[in-house]
Structure formats: structure tokens, C-alpha cells
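Paired with chain B in one complex and with chain C in the other, chain A is shared by the two complexes that follow.
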Partner chain A sequence: MRWIARRLLHGLLLLLGVSVLTFAFTEIAPGDYFDEMRLDPRISAETVEALRSRYGLDRPLHERYLRWLGSVLRGEFGHSFAYHTSVGSLLWVRARNTLLLTGLATGLAWLIAVPLGAWAAASKRRWVRALFGGGTSLLLAIPDILLALLFLLLAVRTGWFPVGGMASLDYPSFDAWGKVKDLVHHFALPVTAMTLATLPVLVRHVHASMSEVLRSPFLLSARGFGIPPRRLLFRYALPVAANPLISLFGHSVGSLLSASLLIEVVLSWPGIGPLLLESILARDVHVVIGAVLMSTVLLIVGNLLADVLLYAADPRIRVES
Partner chain B sequence: MRRRRKILWAVVPLAALHGLVLLAEFFAPYHYATQNRMLPYAPPTPVHFFDQEGRFHRPFVYELVPDETGMGYREDLTRPCSIRFFVKGEPYRLLGLFSTDRHLLGVDEPARLLLLGTDGFGRDQLSRLLHGGRISLFAGFLAAALSLGIGLALGSLAGFYGRWIDAVIMRGAELFMALPWLYLLLGARAFLPLSISPVQTFLLLVSLIGTIGWARPARLIRGVVLSARERDYVLAAKGFGAGDSYLLGRHVLPQTLGVVYTQAALLIPLYILAEVTLSFLGLGVAEPEPSWGNMLGELQKYHVLTSYWWMFSPGLVLVVVFIVYHHLARKL
Partner chain C sequence: MSSHAACGAREGEPEALLQVRDLAVHYVGAGGEEAAVLEEASFDLAVGETLGVLGESGGGKSTLALAVLGLLPPNGRVTAGRVSFHGRDLLRLSRRDLDQVRGDEASMIFQEPGVSLNPCMRAGDQVADVARVHRRWPAKRCREEARAMLELVGFDDSDGVFGAYPHQLSGGQKQRVVIAQALVCRPALLIADEPTASLDATTQAEIVALLRDLRQRLGLAMLFVSHDVALLHSLVDRMIVMYAGQIVESGSRDQVVLKPSHPYTRELLRCVPGGAEKGVGPGRPRLPTILGSPPDPARWPPGCRFEPRCPDRLESCGARRPEPRPAGDAGTVRCLLYDD
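== the complex of A and B ==
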């Protein structure tokens, strides 16, 4: 427990560091949200200045930072100039959607990756190896953007899948079964794209760590005792190979979120990604900081989850701490 | 030897591709911004060897003209236009050094040589692909060099001197690695000017991508330096009174070369992708300057996505480049 508390504190310090870093970046930024207003002849310079001072943009950096920190503690994460609400209320919904997409896709990807990688590692047939190596190489080389575009093409061309969004407009009017069907319909493409984007790296790691374990003497003797191959693979070899895979789960959250951003933008998924892009173009500073911070939170939570899993799976770590 | 041959299999095509895009003006039939307003979204021009009577010819094309529906194109079969080599075309400065107007390929008037079709402004897609490759490929290359440079400097500093220097640098690295890189990249890009000249954009992208990625190489290099520092021959040299700079340059840094090469092979494709992503999202290289990213960005329009398959060509080239780089990284 103390160990988890320490990790949490570490994560919190990291967040503080990230927020200072992003805030420092805003200082270098030329101009702000109200620059566009200055160009508008109908808005006087005094009005713009009044707005700036109302939102505290004329204050020195450290004062703005402390003010912002205060609003973070209230759960507001500052103010969005473009949406005229607190950033927090914008972010929570978006973060939930991103989490849904990445969570589902990660789960699916692992469900496919573990048996596939294990099977490929255990197989001695040449064509299995060739197909496996070629397939993962190709999938690894396809950029996430291209993958997302191909899925968009599929959706637009066939019309089988809705393009963009998380639910239909008349979603509230459906009955329970209709709601489920509608959600599945909307989730299908983005989740598949995300799964394919994350799959090759996972499968490769499963393959590598399983191959290593399969060569060890204890499995040879287990086979000598006549334990059937499937039981050997999943009851004996997999738990031993699981360790590096769990840490991989923690490390992969970062690239997962990056892939998710692109897929969200291309397939119009209402996640953090499109919000971030939009606010960058509008120079909506607090939303940008909030989105970057939110992604960091997701990453830290993912790492923490991996640590807890590792703690549960590996007795050696329990003893050490 | 076998390993070396396998590495060559990756290095030679990469070198060829880089040469191709570096001399893009010569290899491209047209300038990347030359518009053919009458030929928007023209499909790739078919190259013929046999004319209407079935006689063999040197390679030639027909002029494309709008067809009866006004929606597509058909070939004007009355006049074959031969493809010629080393033709006079638009003048340019090769590598910024010599002025010339020779292009590798060209075609007799009035036809246009559009081997990969055109985009919405009727600009030759092949010419744009070559010019865009120069930006995308070299952005990745230079950013990786920058990243490795910073990584080498900070990593060896941290590994060699240890103590508080090590602590500070490694905490910094953790901070950078704690952020999802694309979010960090976009976040940092958010606070930099959006509309600037093409050269400035290119340099900005390179320095941004390179700086953000310093943490991982720095950590790896630190590890290598840390173990190299304790080698017997290094300790012996130290005992003989060798200075820090001599030790670093002569004994420690050469040890890191292996890591540097592998990291380069891993980072370059990643950074090419970073540039492509930023330009795709409209935060990088802007029109009319081509980059593989903003060329792919065209596909976000549904009618382009569904109707004009040749607009996918930058994506296809990217896949090939990545396969070769991944192969190189595995074999190093």
C-alpha cells in the first residue's frame, strides 16, 4: 500500500512538472486568443484589453499559473475562451470517449495478441512463421493516418458504417436493444482501426517473450511428463512470459493515446484529439493545456495499473517492496 | 559478411530514394506548384508503345481532354506525343547551385506527362511526391540527428559525471517520456506561430520534433556510458592521468555508436511520421509547398477519398519507406 501511495505521489509530481512545462511554453507563444478580435474594427482596443484583464492574461506568468492551479483544484482546469465554459466540463466528456475507444481497443488487441503470438511462437511450420513475420511487418509499416483513412474510405464507400460520432442523433428515442445496436454500429470502425494500429507491436512482444520461455528447460521436462501442448502453452509458459508483457502494457499507453488522437481526428470520434486540434488552431490556451494534461493523467493511470498488475502477478516484486 | 549484405539491402534503396528527392527538380517533370487548371484530378496518363494501327513506337502519351460528360477525361487519339529524355522545361537551380532547365522526362506539346495523375489544382502528383519527399524524408533525418545530438550530449554528461547532474537530467527525461509524444508535439506546436514562411516552418518542425524526442536516446546512451565508464581500460587510462574530454572522446563515446545507429534507424521513421502527422493536421508545412503529410491531408475530403485513388500515393511510399527502415533497424 505504501508502495502504491509512493507511485501516486510520483505521478502527481510528474503532473505538476508537466503543467509547469506547458505553462512555460505559453509564455513563448506569440499572441493569444484575443488577437483575432483586435483585427475586427467593430471591437475597440479597450474592449479587448478589458477582456484580457478579465481573464487575467495581463498578469505575470507565475500569477497566472497559481490562478490556474487554483481552478484545477476546483476541477475547472481554467476557462475556455472559445466555448465560454470551464475547461473541466469540456474535458471530462471527451476524456470518457477517448478512454472508451482506447480501452475497448486495447482489450481487444490483447485478446487477439496473446493467443496469436503464443501460437506463432510455438509453431514450427515455416509458412506460419513467414506469414506472421510478413504480416506484422506490413501492419507495423502502415502509418496510423493511412489506416484511419482506409477505414474512412470503407465507411464512405460501402455505407455500412456511420461516418463519425459516437451515437445517432435520435439515439435517446431508441429502446434498449436499439441503443446497443446503435452504439456497436458506431464503435465498430474506430475500435477496429485502433486495434489494428496497436496489434502488431503487442503480437511481436508476445511472440518474443514466449519464444524465449519456450526454449527454457522446465518446459522441456514438462513436455517429457506428457502435458498436452495447449495446457503447456497457456498454463505453464504464459505466466512466466507475462512479466515483460505487463510492463509493455504500461509503456504502450503513450503510443496508444497518440494513435487514438489521429484516429479520432480522421474518423470524427468526439474524443480529446479533435478538441485539442481545434483549440490549437483557435489559440484556446487553457483547453490545450488541459488536453495535454488529461492525456498525461491517462498515461500515468495506465502505468500505475501496469505496476499494480505486476505487483499481483510477480511474487518477486512483492518481496522486494 | 551476410549481415553486412543484409544491411546494404536496406541502405542502398534508402540512399537512392534520398538522392531522388534531393534532385527532385531534375527528376520531376514539372514544378510542384505548376497548375493545369483544365485538368483537375486527372488520372495517371497511360503510357503507350503501340499506336492506333498497332505499329510499335517509342513510348508516347495522348493528350487528355474532358470527355462528353464533362466529369471525366478521355485521350485525344489523333495525335501521339512522344516521351523524351533530358528535355528543356521550367528553369530551376539544382541543389541551389547550378541553373539549368533540363528535366529527366518530358513530353511533346500539347500533352502533359502526368504519370501519377493530378490533384485538385491540376498539379502533377509525381512532381509533388518527389518535392514533398524532400521535406518529409529530410525532416525525419535532421530531426533524428538533432535528437541524437542532444541525447548524446546529455546522456554522456549524465552517465559520465553521475551525482546531481545525472539526477537532474534523468528526472527531465522522465518528464518528457511521461507525455504521449503526439500530445506533447501538438501542445508545443500550439504555442508557436502558425503562419510563417516555408523554410521557417521546416526548421521549426525539425527543431520541435528533434527536441521533444531527446529523452529516449539520452537514457539509452547514459546506460551505455555508465557501463563503459567502469571498464578496466577506461579506469587504466584514467589512472595514467587522462582528462575527461580525452576519456569521453577516445574511450566512452565510441562505445555508444551501436546504440546511436540503432536509435537512428528507429527514430528516423518515427520522425518522418511526426512531420507527416503535423502537416496532415494542418500544423506543419502549408500549401503550396508539398509534404507527404499535407498531400495525404487532401484525402480528408470525402470526394477525393472515394474517387481519386492516385491521391493515396504518398501513403504507399510511406509504407515502403517504413518497411525498409524497420528492416534496417532489425539488422543493425
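== the complex of A and C ==
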């Protein structure tokens, strides 16, 4: 428990460091949110300067950082110039949508990857190996963005699926069953695209890790005691193979916010992806910094989760304290 | 033998628990070439009897042990023969039926106890799991059975061992846990492939004493594979000697060790430390060895397989294959010296 507290403290320091760095990096990038206004002849230079000073952009870097830090403590995470609202509330809604998509897809991908990878590793049939190798290579070779575009094409051509959004406009008027149907309808494509994008890496890791464990002598020994094949695979081999997979799981939790950026943009998912893209282009810096920080938080949580899970799953790494 | 009496099930001669006839195994190499690593292996094992399998590494003794319980590696395959156990041919059973025999009626233990246990499971759970799979008892009953078995294999602190993970146990302790796994369902047959080879001398003696004791208590028949002549002589009732994939000699332990018939057995015994020449220190004669090395399984010599290394070879040995023939009291030998 003290170990977890220490890890959390480390995480906090890391966040502070990341925030300083992102601040510095956005400073290095040329221009700011109000630069575009300068091009508009109807807006005078004084007005732009007034706006800049109103938002404190004329202050030195450290002063702006400290002001931002103050707003973090108030839970606002700075101010979005484009949306005229606090970054906290803006990001929260978008992050929730993204997490809904990636959480569902990642969960689904893991649920498929573990049995599929284990089965392929245990199979002695040549066609299974060939199909597995070919299939994962193919999926691995297709870039996310192409996958998303293919699904977009599918939606547009067939008309079977909505081309974007998370729910229909008249969603609130549906009854409960209608709402479920509408959600499934909207989730189907993005979740499938996302699952297919994450699946090949996971399933390959499961396969590699299981193949290695399946060669260990303890499985021959267990087979000699009549442990049936399925139990051998999932109860005996899988926990031993889990060690690298748990680290990978931590990583996939850590990238929940960032993994779907491209797919969200292409399939118009109201998540963090389109918002981030917009904010970077417009130099709406606080939104960018907020999104980066959120990703960092998830990364820290993912790693911590992986370590806790490893501790629980693998007796060999439990150190006497 | 007293162990027979404990299990004399039917009238007449002692029932053969395990009957192996003309067992042959091929291994397929990486390039697709086949090697006949085991040929014409035949032997009987009576209820409660212990049979030793003696030979150098590469002689086919581990292959023999593995093939009996269908545990050959993926590139190994039985090409001929019959393994009848309790009246059933194990070679013709489905995987599911074989899994019901293994661990329940016959178990196998291996050379390296260090890697024979699941590193992520508590020792006791591994014992209990074998019982669970075969007996389908409730979990509590399985744990009790496992605990009792751990006590039987010599753990005083069975609770402590039950909760320990393999990496917390010593080599000897691990082998005891493996033995507990093997015997928790009280099988009639235990196949042991060099179970003490990786242990230090003291631990080795303890494990052998334990096996001797358990054999007596449980009426266990054993197929004990080893390269250690002295160990086998102290433990087994009968012995078979293997060389280059063939059984070259069989007989009672005293006959094989004290009055060996086959030249290979004689050579093997000559190489045992403490035999003819004692001590290996400076100035002492070196430990004798058998000249040459065992032949390559992909290219067996055409006649007798020991002929190239045999000190007593005859003209005809290089061309004629010797067949097993009776020798001594109920033994066999595969050598042309005994051809008339």
C-alpha cells in the first residue's frame, strides 16, 4: 500500500513535469490563437492586443503557467478561447465519448485476442498457423486511417450505418429499446474499426507469449497427470504467459485516449480526437495541454494498474518487503 | 516377492499390469528425415513390480517411457506395437480417454523437478488439481486429499508447503510435490524418468527411499529409467538394458548386474566408479570408458548396433541382426555370441 502511495506521488510529479514541458513546447510553436484576427482588416491591432492582454497572453511564460496551475486547482484546467468555456468541462464530455469508444473496443479486442492467440499457439494444424500469420499481418499492415476510411465508404455506399455521430438527433424522443438500437447502430462501425485496429498487435503478443510457455516442461508434466487440453491451456499456460501481456494491457489502458484519434476524425466521433485536431490548428493551447495531461494521467494509471495486476498474477515477482 | 502378494488380484500367475509388445518410435527431423529411435521394445510389468531401464543417454530409454503414456513430443510418433495396460491398448486410446488414464491409473515423473511444476500455482493446488480433474470431488475434499498426500511424501509442515510457490521450494521438495501430484489418485503404475538425476547425492538417496517406501505402501508398480547401475540395483526387481534404440538385455537385477550376458552391459558395468579400478585421484588409473560413441539414429549399423564398439565382436556381427533370445532365469539377450 505504501508502495502504491509512492507510485501515485511519482505520478503527480510526472504530471507537473509534463505540464511544464507542454507549456514550453506550445510556447516554441509560432503564433497564438489571436494571430488569425490580425489578418482581418476589420479588427484593429489594438483590439487584438486588448484581447491578448485580457486572456493574459502578454504576460511572461512563468506567470501564465502559474495562473494556469491555479485554474487546474480549481478544476478548470484553463480556458478555451474557441469555446469560451473552461477546458475541464469541455474535455470531460469529449473524453467520456472517446473512453466509451476505446474502452469498448479495447475490451472487445482483448476478449478476442486472448482465446484466439492461445488457440493459434496451441494448434498443430498447418492451415491454422498460415491463416493466423496471414490474417494478423494483413491487419497489421493496414493503417488505422485506411481502415476508418474503408468503413466510412461502407457506411456511405450501403446506407446501413450512420456516417458519424454517437446518437441520432431525435435520440431523446426514443423509448428505451429504441435508444439501445440507436446506440448500437452508431457504435457498430467505430467500435469495429477500432477493434480491428488494436486486435493484431494484441493477438500477436498473446500468440508469442503462449508459444513460448507451451514449450515448457511443466506442461508436459501436467499432461502426464491427465490435465485435459483446455484446462492445460487456460489454467496452466495462460497465467504463466500473462506477465508480458499484463504490461501490454497497462499500455492499452494508457493509450485509451490517444489510440482512436484518427478513427474519430474520419468517422466524426464526438470524442477528443476531432477536438484536439481543431485546437492544435487554432492554437487553442489550454485545450491541447489539457488533453496531453489527461493522456498522461491515463498512462500513469495504466502502468500502475499493470504493476498491481502483475503483483497479483505472478508469484515470482512478489518481493518480500 | 512380497510386493506381489499385496496385490495378488486373481488366481494363477501374477497378472501383467503393463504389457509392451514390439513398440517402435520414429522421430522426424527438421528436414523431414526419419530416425527410428526405438525398435521392437517388448517387456512385461507385473502388479507391484519395479522394472529398471538402464542405458546411456540417447539409447531410447526416455523415448520408451514417454511413448508408453503417449507423451512423445510432436515430432515423435509410434510406428508399431501395442501397450496394453489394465487390458486396454493405450496407443489406440483417444486423447480424452488417455487423459483419464494418465494421472489416475498411471503417472509419470520427470528428471527436472525444478521445471516440472507450474511456477504460478501453489504447490498444494497443483496436487489438488490432479485430484479435482480425475475425481471431480468438491474443492475442499481435493485440498484435504492433497494435504494428506503431501504428508505421505514426507512433508511434516504440509500446510506451509501447500501454500508455497515452486520457487520457494528446494529441488528435493519440488520432486516430493511432483511425486504427490503423481500419486494423489493412487495409480497402479508410476513411470519415473531419471527422477533423481538432477538432485544432489543426499537428496537423491532420500527420494529413492521415499519411492521405495511408497511402492510398498501403495502397491505401486514402477518403470524406473536411469543410467545409474548402483541405484537401479538397489531399487528394482528386474532390469532391461537399452542400447541404440533396442532392448539388448533383460533379466532379474542380480542377473543383469552380477552376471551380465550382453557385451554392452559388461562394458557399462566396467565403467561404474568403484568397480574394477577404485578411485580416480592422481596416479590412479583413469575411469574406464566404452570406446567410440553411440551410433547416429538416422544411420544405424546394419548388423548388431553395438558391433562397432564391441570388444567381443565376431565376423558375422557386422552383417547379421541379432534377435532377442532367452538367457539366464527368465531373461533375454540380443547378441550373436549366444546364437548356436
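Following the convention adopted for this analysis, the second predicted complex is superposed on the first by the 307 of 321 C-alpha atoms of A that agree within 3 Å, B and C clash if a C-alpha of one lies under 4 Å from a C-alpha of the other, contacts with A are read in each partner's own complex, and residues count from 1 in each chain.
The criterion applied here is as follows: a contact is a pair of C-beta atoms (placed from the backbone, for glycine too) under 8 Å apart; a residue touches a chain by one contact, two chains touch by 3 or more.
Just so you know, these numbers come straight off a predicted model, no measurement behind them.
> Should the pairing of chain B and chain C on chain A count as a clash or a fit in the superposition?
By the criteria stated at the top, chain C and chain B fit after superposition, with no clash.
> In degrees, to the nearest 10, note the angle that opens at the C-alpha centre of chain A toward the centres of chain B and chain C.
Taking chain A as the apex, chain B and chain C sit 90 degrees apart.
> Which partner does A:K124 reach: the first (chain B), the second (chain C), both, or neither?
second
> After the superposition on A, what does A:P143 contact: first (chain B), second (chain C), both or neither?
After superposition on chain A, A:P143 lies in contact with chain B alone.
> Quick check on the superposed pair: does A:L152 touch chain B, chain C, both, or neither? Answer first, second, both or neither.
first
> Let me test your reading of the model: by the given contact rule, A:V288 touches which partner, first (chain B), second (chain C), both or neither?
first
> Now for A:S216: first (chain B), second (chain C), both, or neither, which partner does it touch?
Once the two structures are laid over each other on A, A:S216 reaches chain C alone.
> Which holds for A:S80: it touches chain B only (first), chain C only (second), both, or neither?
After superposing on A, A:S80 lies clear of both chain B and chain C.
> Between chain B and chain C, pick out the one touching the greater number of residues of chain A.
When the residues of chain A touched by each partner are counted, B comes out ahead.
> In the overlaid three-chain picture, which partner chain does A:I227 touch, first (chain B) or second (chain C), both, or neither?
Only chain C; A:I227 stays clear of chain B.
> Quote the smallest CA-to-CA distance from chain B to chain C in the superposed model, rounded to whole Å.
14
> If you lay the two complexes on top of each other, which residues of chain A touch chain B in one and chain C in the other?
Overlap of chain B and chain C footprints on chain A: empty.
> Taking the touch rule as given, give the residues of chain A at its contact with chain B in the complex, in rising order.
14, 17-18, 21-22, 25-26, 28-30, 137-138, 140-143, 145-146, 149, 152-153, 156-157, 253-255, 257-258, 261-262, 265-266, 276-277, 279-281, 283, 285, 288-289, 291-292, 295-296, 298-300
> Would you mind writing out the residues of chain A in touch with chain C in their complex?
124, 216-218, 220-229, 231, 235-236, 239-240, 242, 313-316
> Which residues of chain C touch chain A once you look at their complex with the stated criterion?
Counting only chain C, the residues touching chain A are 69, 71, 74, 95-96, 98-104, 107-110, 112, 115-121, 129-130, 133-134, 165, 167, 178, 181-182.
> Can you name the residues of chain B that touch chain A in the complex?
174-175, 177-184, 186-194, 273, 276-277, 280-283, 296, 299-300, 302, 305-306, 312, 315, 318-320, 322-323, 326-327
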